[in-house]
Amino acid sequence: MAELAPAQEPVVQTTLFHAPRSLARIISNRNVLLITAVCALAILVAIIVAGIVATPAAQETDFARRDLAPSLAHPFGCDWLGRDMFLRTLAGLSLSIRIGLLAAVVSALIALVLGTIAALGSKVADGIVTWLIDLMMGVPHLVLLILISYALGKGFWGVTVGIALTHWASLTRVVRAEVLQCRQSPYIAVAGKLGASRLRIAAKHIVPFVFPQFLVGFILLFPHAILHEAAITFLGFGLPPELPALGNILSESMTYRSTGMWWLAVFPGLSLIATVLLFDLAGGALRKIVDARTNQE
Amino acid sequence: MTDLQDIRSSSARVMQAHDAKDVHGAHDAHDHHHHRHASNPVHTHGHHLLQVEDLSVGFRMYDPAEPFFAAKQELVNVIDHLSIAVHEREIVALVGPSGAGKSLLADAIMACYEPNVQVEGRIWFDGELQDAKSLAALAGGAIAMVPQSVASLNPLVKVGRQVQGGLSHSTYRTRDTHGARQPGKRKKHEKQGKREEHARLAQRQQELFARYGLAPSVADLYPHELSGGMARRVLLCCALIGNPRLIVADEPTPGLDEAAALRVLEDFRAFADGGGGVLLITHDIELALRVADRIAVFHDKTIVEETSVASFASPEHLQHPFSRALWHALPEHGFSAAGE
Amino acid sequence: MARYVLFHIVKCAVLLLAVSFLCFALVNASPIDPVQANLGQAAYINMSPEKRADLAAYWGVDAPLWESYANWLGGAMQGDWGTSLRYNAPVLQVIAERTVNTLMLMAIAWVVSGLLGFVLGIAAALHRGGWLDRIIKGYCYLLAATPTFWLAMIFLLCFSVLIPLFPIGFSLPIGVASSEATLLDALHHLALPAITLSLVGVANIALHTREKTIDVLESDYVRFARMRGMRPAEALRNGCWRNLLLPALTLQFASISEIFGGSVLVEEVFSYPGLGQAAVTAALGGDVALLAGIAVISAVLVFGGNLAANILYGVIDPRIRRGEGLHDESGRGDIAGIGGIRPSRRLGGRQFADRGEVIGRG
């Protein structure tokens, strides 16, 4: 417990009562966090591009390699039509991320608009937005997705619009809270007193304050969006069966569940988990950078 | 190593020595325990209950001056080589501006550390050199804390139960050692011990409530139902339930009107007169001057002067410019800026 | 307190009305014509012409939305939820038959995931930064990233196909009438779906409980308790568990929504005849009445849970119980709101750490 101080000090003895954990210091290093986030996002972009490139090859059937188990040439094996599962998975992931991107952008915009209206508008507007959030959360997500998808006649637009329309609630709460906190802070009042216009205050103070949290929230929408897209496609309400979507791949593998072709389900599923975790990683790292509290953690 | 020996035993020797010094009115700036008693020494009685030496409290943080991603983490001290002592029967007021880090001293003494804090220095209690573990063992027993506000009470638990505090680990353990050795009987014994302990604490709580003018029914209230003055007395009872020898009070008066604040301070005075020591941490120097025996002036991360209240009678008795500035800022001296 | 309860009942009723309208409107907006979609169905062929005309009028495209909604609502109030085309039976009857199966599945998953998640969350928070925390957190993040239906498939593959411990699906042995099946049979078929759903549910509850526990441990009152010589675990035992109970309750009741969503997927994979599977069948087959019915029932479950959480909140929190009533209504509404997350910056940040809202895959 007691440590001897360096020799040059006249004071001989100091008790160390508490010291920060050294591990926490390394992990919270901003550079490490930034590199983590950038790497994760780069891998995801690479998956998108590779998936687009691989899509034609993924749809190639070759009965010579029917039902092949995983090997070096075909790491994820091949299905009953002789399609390479690795390429199909890649194409499916790419498709999922792109749909997630489209849906997340729309969801985030809805969240931004509604959250800002709730925070800056009248009490009534706030009440309406809060009520809408409650309404949105009142039906289980998946049931709502099925309903919306059904209402739009299923297919690509069914699932995309469905996901875009169901994922804004949580982010709206965050935006509302952020803008509200910012609006109530003293420097906004001071800027107002100094004669800055409302637009200028919004552009100069509120947007820079809210944007980082918003960005983090946006990235962390993806895991939800992708998982829901896969689920809804799996159930048959999402992307049409001819597209190499992950939901379709896994749904097809259900048919073969008792044939022992385990690779049809295992590898695509693991890849999906890895993709979702990559988004989590990127979002988590960015959040730590953004969050002022972590300066000292 | 002889030096080390020296420090271990110093406080004991110092106790005898410093009475003599005070009587002779000696003002040695290099006094071993870093404080002066000015012209009219008040602590001719008692010995060092608490002595803190060279305490530094720092946080790891990024250098804000550097660009965001280039910034390196470094240790920034909020308290820098601070020394202070509290004697028995004495109230020492640590005075300084709000938000300067005074509360961190209380945290250090109470062995309550944030995860990212670095705390080092030397702390003696009752002549014994302490480390983090032994301080933690003293917390809630011989050293008790009176927090700033009712926010330190759990809003969902009745006040009476909170004052009793439940059974802490340490009381448990002492029970254990008294308990039966046979493993079969132990559980029963433990249970009985617990029940006795609960009864004892409940009785003590009732006594304390009676002493501080709190109706017995207050025990059944929730914290949000207490008035400001009642809340402070409840917090004081929380501290007194463990029969402490030293009370550390962190800003115990804000939000109270003057009469109520004075009543709180009178309670501390009574505690000190009963043989205890009080470390009063406050930003309100006027109030501190009315109740404390000595004032420690906190400025620029450390205590720049530790002196008798009487020294504040006139600026000549004050050594540090900041103390003199404080003196000049007192209302009866016309709020004038520091006259150097 | 009475006002508080009444307020929440009214609020729930209004929301439920709105949700039922939303479901009805969505189902009606579909370009998939229910009559057409069921053209090939035996039910439609066997239908009398009057019945067909009835059906067309009931789901008529000509009638304005409001009117047909009012019709539907009026009927629903009297217990007539329409007729399921797929099952050729009254909707309420189909739902009632399947609700038992689904509720059994959900109840087990709800209790197991709730208890396990609560315990794991507190354990992780008490060992914050330690190896136990890392393991629990890692497990939760991994599970939260796992698609429910995939996990169900893998379990099916492992424990029914490769190692035939459990039946491959359905709620009863094939070829056995429900009257002849024993309770043991039912439980045997229920086990694997219930395990899957429980395991998936644990992640969210544990991560949120962990965050809430850390908030409590960092609160002024636990700090004070520590300064009074208690260790964090002792402070929790000495009354601070009550502060955890409130968010845990909210969380637990809010998770009904997620568990229902999960049960849809799990039932589909295990061919388990519950509400979820019926919803999928109804939506795929254009069975509008049944789809609307199940959607409303799911909303009733969610709102019921939310209402229960809010009322229990009032019972436990003395600030509400002891007559302060509706003060700070907006704030409390948010705490106990369906999402169950207070929108503070702190939690906002935290909340994202775990992919936050109680949504998961629900």
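The first chain written gets the first letter, and so on, giving A, B and C; residue counts start at 1 in each chain.
Methods note: a residue touches a chain if its C-beta (ideal position, glycine included) is under 8 Å from a C-beta of that chain, and two chains touch if they have at least 3 such contacts.
Quantities reported herein were computed from a predicted structural model and do not represent experimental measurements.
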By Cα centroid distance, the chain farthest from chain C is B
Two candidates, A-C and A-B; the one with more touching C-beta pairs is A-C
CA centroids of chain B and chain C: separation to the nearest Å works out as 51
Expressed in whole Å, how far the mean CA point of chain A lies from that of chain C is 22
Whole-Å distance, C-alpha centre of chain A to that of chain B, is 48
Residue numbers in chain C touching two or more further chains are 129
Expected list for chain B, residues touching two or more other chains, is 115
The positions of chain A in contact with two or more other chains are 21, 24
Contacts from chain C onto chain B in the complex sit at residues 129, 220-221, 223-231, 234, 237-240, 242-243, 246, 316-319, 322, 324
In the complex, the residues of chain C that touch chain A are 15-16, 18-19, 22-23, 26-27, 29-32, 129, 141-142, 144-150, 153-154, 156-157, 161-162, 168, 257-258, 260-262, 264-265, 268-269, 279-280, 283-284, 291, 294-295, 298-299, 302-303, 306, 330, 333-334, 337-339, 341, 343-346, 348-349, 351-353, 355-357, 359, 361-362
Listed in rising order, chain B residues that touch chain A in their complex are 3-4, 7, 54, 59-62, 68-69, 71, 73, 108, 111, 113, 115-123, 129-133, 135
Contacts from chain A onto chain C in the complex sit at residues 21, 23-24, 130-131, 133-135, 137-144, 146-154, 169-170, 173-174, 176-178, 181, 213, 216-217, 220, 223-224, 227-228, 230-231, 234-237, 250, 253-254, 257-258, 260, 262, 265-266, 269, 272-273, 276-277, 280, 283-284, 287, 290-291, 293
Counting only contacts in the complex, chain B reaches chain C at residues 110, 112, 115, 136-137, 139-141, 144-145, 147, 151-157, 161-162, 165-170, 222, 224-225, 238, 242
